[in-house]
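A, B, C and D label the chains in the order they appear, each numbered from 1.
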Amino acid sequence: MFDSFKEECAVFGIWNHPEASQMTYLGLYAMQHRGQESAGIVSLENGKHKHHKGLGLVGDVFSESVLSQIKGQAAIGHVRYSTTGQNLISNAQPLTAELYKGPVAIAHNGNIVNYEKLKKELSYTGAIFQATSDTEILLHLISKRNNENFIQALKESVLLLEGAFSFVLLSQKKMVALRDPHGFRPLSLGKKENTYVVASETCAFDLIGAEFIRDIDPGEIVWFDEEGMHSEIYAKKNKLSQCVFEHVYFARPDSKVFGKSVYESRKRLGMFLARESGVAADIIVPVPDSGVPAAIGYSQESKIPFELGIIRNHYVGRTFIQPSQSIRDFGVKIKLNPQSEVLQGKRVVVIDDSLVRGTTSKKIINLIRQAGAKEVHMRIASPPTVSPCYYGVDTPQKSQLIAANYDLKTINDFIGADSLAYLSMEGLFASMESDNQHFCAACFNEKYPTAIYQNH
Amino acid sequence: MFDSFKEECAVFGIWNHPEASQMTYLGLYAMQHRGQESAGIVSLENGKHKHHKGLGLVGDVFSESVLSQIKGQAAIGHVRYSTTGQNLISNAQPLTAELYKGPVAIAHNGNIVNYEKLKKELSYTGAIFQATSDTEILLHLISKRNNENFIQALKESVLLLEGAFSFVLLSQKKMVALRDPHGFRPLSLGKKENTYVVASETCAFDLIGAEFIRDIDPGEIVWFDEEGMHSEIYAKKNKLSQCVFEHVYFARPDSKVFGKSVYESRKRLGMFLARESGVAADIIVPVPDSGVPAAIGYSQESKIPFELGIIRNHYVGRTFIQPSQSIRDFGVKIKLNPQSEVLQGKRVVVIDDSLVRGTTSKKIINLIRQAGAKEVHMRIASPPTVSPCYYGVDTPQKSQLIAANYDLKTINDFIGADSLAYLSMEGLFASMESDNQHFCAACFNEKYPTAIYQNH
Amino acid sequence: MFDSFKEECAVFGIWNHPEASQMTYLGLYAMQHRGQESAGIVSLENGKHKHHKGLGLVGDVFSESVLSQIKGQAAIGHVRYSTTGQNLISNAQPLTAELYKGPVAIAHNGNIVNYEKLKKELSYTGAIFQATSDTEILLHLISKRNNENFIQALKESVLLLEGAFSFVLLSQKKMVALRDPHGFRPLSLGKKENTYVVASETCAFDLIGAEFIRDIDPGEIVWFDEEGMHSEIYAKKNKLSQCVFEHVYFARPDSKVFGKSVYESRKRLGMFLARESGVAADIIVPVPDSGVPAAIGYSQESKIPFELGIIRNHYVGRTFIQPSQSIRDFGVKIKLNPQSEVLQGKRVVVIDDSLVRGTTSKKIINLIRQAGAKEVHMRIASPPTVSPCYYGVDTPQKSQLIAANYDLKTINDFIGADSLAYLSMEGLFASMESDNQHFCAACFNEKYPTAIYQNH
Amino acid sequence: MFDSFKEECAVFGIWNHPEASQMTYLGLYAMQHRGQESAGIVSLENGKHKHHKGLGLVGDVFSESVLSQIKGQAAIGHVRYSTTGQNLISNAQPLTAELYKGPVAIAHNGNIVNYEKLKKELSYTGAIFQATSDTEILLHLISKRNNENFIQALKESVLLLEGAFSFVLLSQKKMVALRDPHGFRPLSLGKKENTYVVASETCAFDLIGAEFIRDIDPGEIVWFDEEGMHSEIYAKKNKLSQCVFEHVYFARPDSKVFGKSVYESRKRLGMFLARESGVAADIIVPVPDSGVPAAIGYSQESKIPFELGIIRNHYVGRTFIQPSQSIRDFGVKIKLNPQSEVLQGKRVVVIDDSLVRGTTSKKIINLIRQAGAKEVHMRIASPPTVSPCYYGVDTPQKSQLIAANYDLKTINDFIGADSLAYLSMEGLFASMESDNQHFCAACFNEKYPTAIYQNH
């Protein structure tokens, strides 16, 4: 039973580089935190696509010999979480298809909310579907517009979609990157000499030595061909709805997302939290790794020392053999170890990025108490999560979100802290150095920027 | 450089069995000789499909835990050779797709000769293609007929196809088996208590303990639903064009194909060969394993003793590490070892099923001579192969078929035999106990039963 | 529950070849039938050993990159069956150890019957044992003689061993091959230009293009160093006790074993069987593959036609998923399929090489009857197996050997044949073209050529 | 070219637990940082050993089914780095052997410096060696004392060893743990109800819910049998020589080593470093993860804010495909990413635990400058490393240790910092809260507590 939100994807694309696939591999490597279930790369060489996809981490899916067969001057790539049990490989991206005018490959971060409706319409007219993912719909919409040129067909198709989408596509001659008009998911543009790069997060640019240029704009389509880069606004910009949770948890702290340093945002979340919910304490302890920047901010603001009171074991793999004899709080202990030398006799403020079901927090607090802490104050560097996300994030159902069902005191009792405080919505938006007009915070405030369809 | 014809597939289907996938696994196992590149199974459980496909032998692709997840009362399966290098997995069958009315899975043995034309038409109207195989076309044709019921849509669709096809399909509620009106490829119907089975070869029935009922007729469609089995003739029977090479080489000797025992056919091929091209000799030696039944027939007819003068190593796997130092005739010796104790000083008649490029025969004859044979007479239990197959068989190009380019004497000189003889066309058809009206023998006589399109 | 005797090993060695490991790989490949559980190679390069061992078939254990790291001008190799469940890899051979004078590697075919006694003595003086195999004892015995030169130490050591052993060893400067004084197991010497080769079976020579020179003599030690080949008799020749079962079943038919063609021996077994136990019948049907040569011999002698009435599926792998629903005689059917077209209405003589537990024969006969045979006469091309082997063969316990516990009529009733006959001991020895002075036939006549110790 | 010291092993043992192997698996998991090349477990069940070893991480080597076969009430385990290229598996531990009195298994952390001499003596008297590791020597020494009881034989044997050794052994009836008289390597004792546990680090106790009791004393032997735990001093305690580098770098921060919290030690290293080598700066930035505790200490002491100016990618696996096109500082960037938002315009103090070759520091400093730092001051939380370790640590040769060959200014120029300072020896020992009488710091001061033999 997972106790956090899970980002579902990262996309990457590179144009005009002699080792396009190798660079894509590196870019995906840098964004591995956004998806660990499958990885894929499609390259373009003389109008032909080469591709490889597989289940697992980037480093497991691609070997040197596999990469050497995905040649070409351009490539796109994808990593993903998978939410469905069966047939994972058919949902791995980039999706590929042969259209009348040639091959098209597509990588998607986000979620199309009117997918079921569009699928029904398309399949009624004869379209057949391979994957259970929403992404495939775009291939069909483009294919229906065979008499248009590719960019035109793509623009018309995308206008039919509702929801969250940062797409990277590869056709027979072009690479395309575009973001939905709300700008839910990030997508950035980078450059390295004559090479263009697009990626979900800027940390991918850092690794390959590319320079961050700017974000792809919401409602903007950018494409690359032999003449270079082209850009166009294909849709009126909606009210911006950038996912605030990218800053709260998903993105790597060393990425710039929506133009801002994630690390600095998280530190501010911690600072505002300290101002709002200060408490007399001896040490500030983060739940590693995600709580670290907010804890640093909290510590700097409160002048209470920051300590690594909980140590994380980074060797924990995906599969772990559970002993049949019960070990208390085993699930947490395999990853996190509170150390008594630091915690013994202390009044401890524990900082976590968010609180979803509450089960993990309960175990952590229990372990901290066992380690001898005198007081344990839980501070969450974001508001209560009260509603699921429909825009490309894997969230538990509402009934599983503790804050959607219980009041603060009950939650505090459940997790067993001496006190519990969340960041306020105001604190959240202030930390973003932005008013709430620019962000989607539906998981916190239930204000969904689009219609939500029944099927979810 | 392969030196034989290669069958490209086997199909299997089972209806109304509590262990449908397990039985399909066994059926594919029995027909492994028809395709060793990939294997797949799709099951039907309460209107839902479960599937698994992979590259390799049946026993490698399916583990016990994988099989246990493909539950249901019905299942279809497929093994295949792959002729194209890249992206093998996307061509593995059964192909699956979600249509307006639900999931459809399809397994195909054969080849659709008007595939390129149909694909062009379909993609022009917006169809997108996943695989490079011809089979996918049928899914699109069915999908275009969403207003019809499934069987009606299927019948209409199939009538648009030209070429060779034995199909097994699984929809949300039915299993279907059908053969093209020419009857190129085999497809048999079996029964085991209340369970129906269809398979490319009857050896699949033997393993699971099912009884052979009859062949699916050319132009017949058979389907299975909760009411049982239904049958209909969807197309006027063409002149029958059953693939004679199934009896010459492809099928397992213990299968009944087109109603006849393959083993007995092969023995007759050898008997007629002995009558046509007898020669004074001491021993009859088959090229194992495919030449054994014909050699037995030749021996019985000629009264010359049958001897295993060449021993085959059955442990030879797919990948074999070639020494860099040349070993004479290595490619043949890794599999076949002529034994001097048997051959020394003898006049030897060597029997093979067919002769394609001639390179292997040349090596075998050379080895037999080294082993001390006094005379080596090559006898081929089929006529000269002079033309490629377009009906689901992987054959070399015409330029590579030695009999298409050289006369008998030149071939004999090339392979280095003391004499060489093929079976006559008359002998071939006589062995089938059938006139030539019932068989496609285009690889021997260039009489193609359908139009052949440019793209081949 | 296995129903045949199992050879436990093959050994191979090559001296003075630039691709010694590659050739060893090929040699093991040719002898894969003698052991399929593990494979290993040790090479000698400038006084250093390189080695690789693994569980599985030769082709699975060795990849091109692994082989390329086992360089040198000499190499020895081994394939083995494993009889113990646990820790298979530590028993894989060649065994290697570092001695005072350098590295020694050893490959063994056979079994040392006084192993437990020697082990006790050695361990009492401080020797430690890694593997559970008997082979390791020789390393210790050599190591105790550090003041002797290697060949001298080896000769002294080997004289302490009782039982069956064909050894190939590699020291820092030499390769050695030797056979026990009884000559239980085969070991042959070959040559290819300036390269020397030793192997358990001559089929290994055929594949690499080497010429069979002669057998290593019982009681002979042969070694190879920079001066070439040396030979010495290290022990008085005992009464020869060559394993007759090598000719009955173990060896490849295309090998020469103890100087005789195995194929021809097996044919003679069948011929004598026909003379001794002729029966009116329509066809002679071998249990493939092991029964084929004897069936050919029986057919030639009896003039009754030889027919492949049972077809073997060679794709059967090691692991096979059993359906939970019982399929009658499944265990046999997965490998063997009797064909009714051949058997229907016939009086059938079934030929098998030996009969161990009888359970497989029972199933085969049942299937042949189901296929419509009118009469089924079982003929076994060797005498009744009544006693286990202690000389390197994996045999069931005496209580499991049907002929050790029941009379002919009872066995016949059990397997369900119309008649059953074994070859006589006289027929067996006559087939070997040798008197019974030269062979060990203890599994047939309980005359063990050595003492047998309690521990077995 | 590695640029850090590498710990070579961890050992673990558990006595009297129904899931001994499972607990050992967990204990090794917790100590995975001490060795990632191989893992192994040996269990004791009714006087028999069961074992499994393999190359790779604990989670890869052991599956649920493998673990379930290593049953018993006691088990020992081992993880290791491997320094030699070939035949890794034969060096994997626990080593096992069959002795006169039964099976013995041994797991070793440390290095025996008189190994070559002992090996020569033993092999001269007939001992044969399987592995290239020093550990095997102990098995031989014990085996030579077959007339003693196991504990007595072990004590006598261990007294012959010089060097570093924390051993855990399993005999037919006992589990033993012992430390060399210098106490080079850690070894702690824990308890959980009636179960005893020993482990290299206490973090292993935390995971399985055991309580830390005390360290095994230098020169102490502890054994466990059916009567419980026994302890004895087998050797006069030498001057203590506990490895100070365990606190500097090797151990997990949440372990107690030599009785002290590693995290607190590292914080003190940073604090003393701040006192000794303070510098005007805006932020303190650790090289993650090893520099973090020292940086926290430095920050707390200097009152300069602690910032995660370098982000580490924890998904980096063992094998990584290097692009052929050079990416500047690629080797570092794949793991570490300095973030310009934090570093831009700042005077930065970078904290690392140690400085070995200097090549990594050079790259990190370069990246920090590129990220816009105004000044970069390198502070090393330990003294200059000037000499290799012979006590179980994998260190570069002296010629590769930059501080052994160059003065401070030259090193500073090489790494490109604005200033460079190491911690003093006094600071090091002060941080340990101990005088220098209790620690081996030979890598810093060349004072080796034992003789060092030529062969190194």
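Rule of thumb we're sticking to: a contact is a pair of C-beta atoms (placed from the backbone, for glycine too) under 8 Å apart; a residue touches a chain by one contact, two chains touch by 3 or more.
Quick caveat: nothing in here was measured; it's all calculated off a predicted structure.
Undergrad: Starting from the defined contact criterion, work out which chains touch chain A and chain B both, please.
TA: none
Undergrad: Spell out the chains that contact chain B while also contacting chain C.
TA: Touching chain B and chain C alike: no chains returned.
Undergrad: What whole-number Å value describes the gap between the mean CA coordinates of chain C and chain D?
TA: The computed centroid separation for chain C versus chain D comes out at 49 Å.
Undergrad: If you average the CA atoms of chain B and of chain D, how far apart do the two points sit, in angstrom?
TA: 61
Undergrad: Roughly how far is chain A from chain D, going centre to centre by Cα mean, in whole Å?
TA: Result: the chain centres lie 36 Å from each other.
Undergrad: Could you list the positions in chain C whose residues touch two or more of the other chains?
TA: Counting only residues that touch two or more other chains, chain C contributes none.
Undergrad: For the protein chains shown, what form does their contact graph take: line, ring, star, complete or other?
TA: Basically the chains close up into a ring.
Undergrad: Help me check something: in the complex, which residues belonging to chain C touch chain D?
TA: 50-51, 69, 86-87, 89, 96-100, 104, 120, 123-130, 132, 139-140, 143-146
Undergrad: Could you please specify the touching residues of chain D with respect to chain A in the complex?
TA: 18-19, 22-23, 25-26, 29-30, 32-33, 36, 57-60, 62-64, 67, 203, 206-209, 252-254, 256, 261, 263-264, 289, 292-293, 296, 300, 305-308, 311, 313-317, 319-321, 323-325, 327-328, 333-334, 337, 339, 341-342
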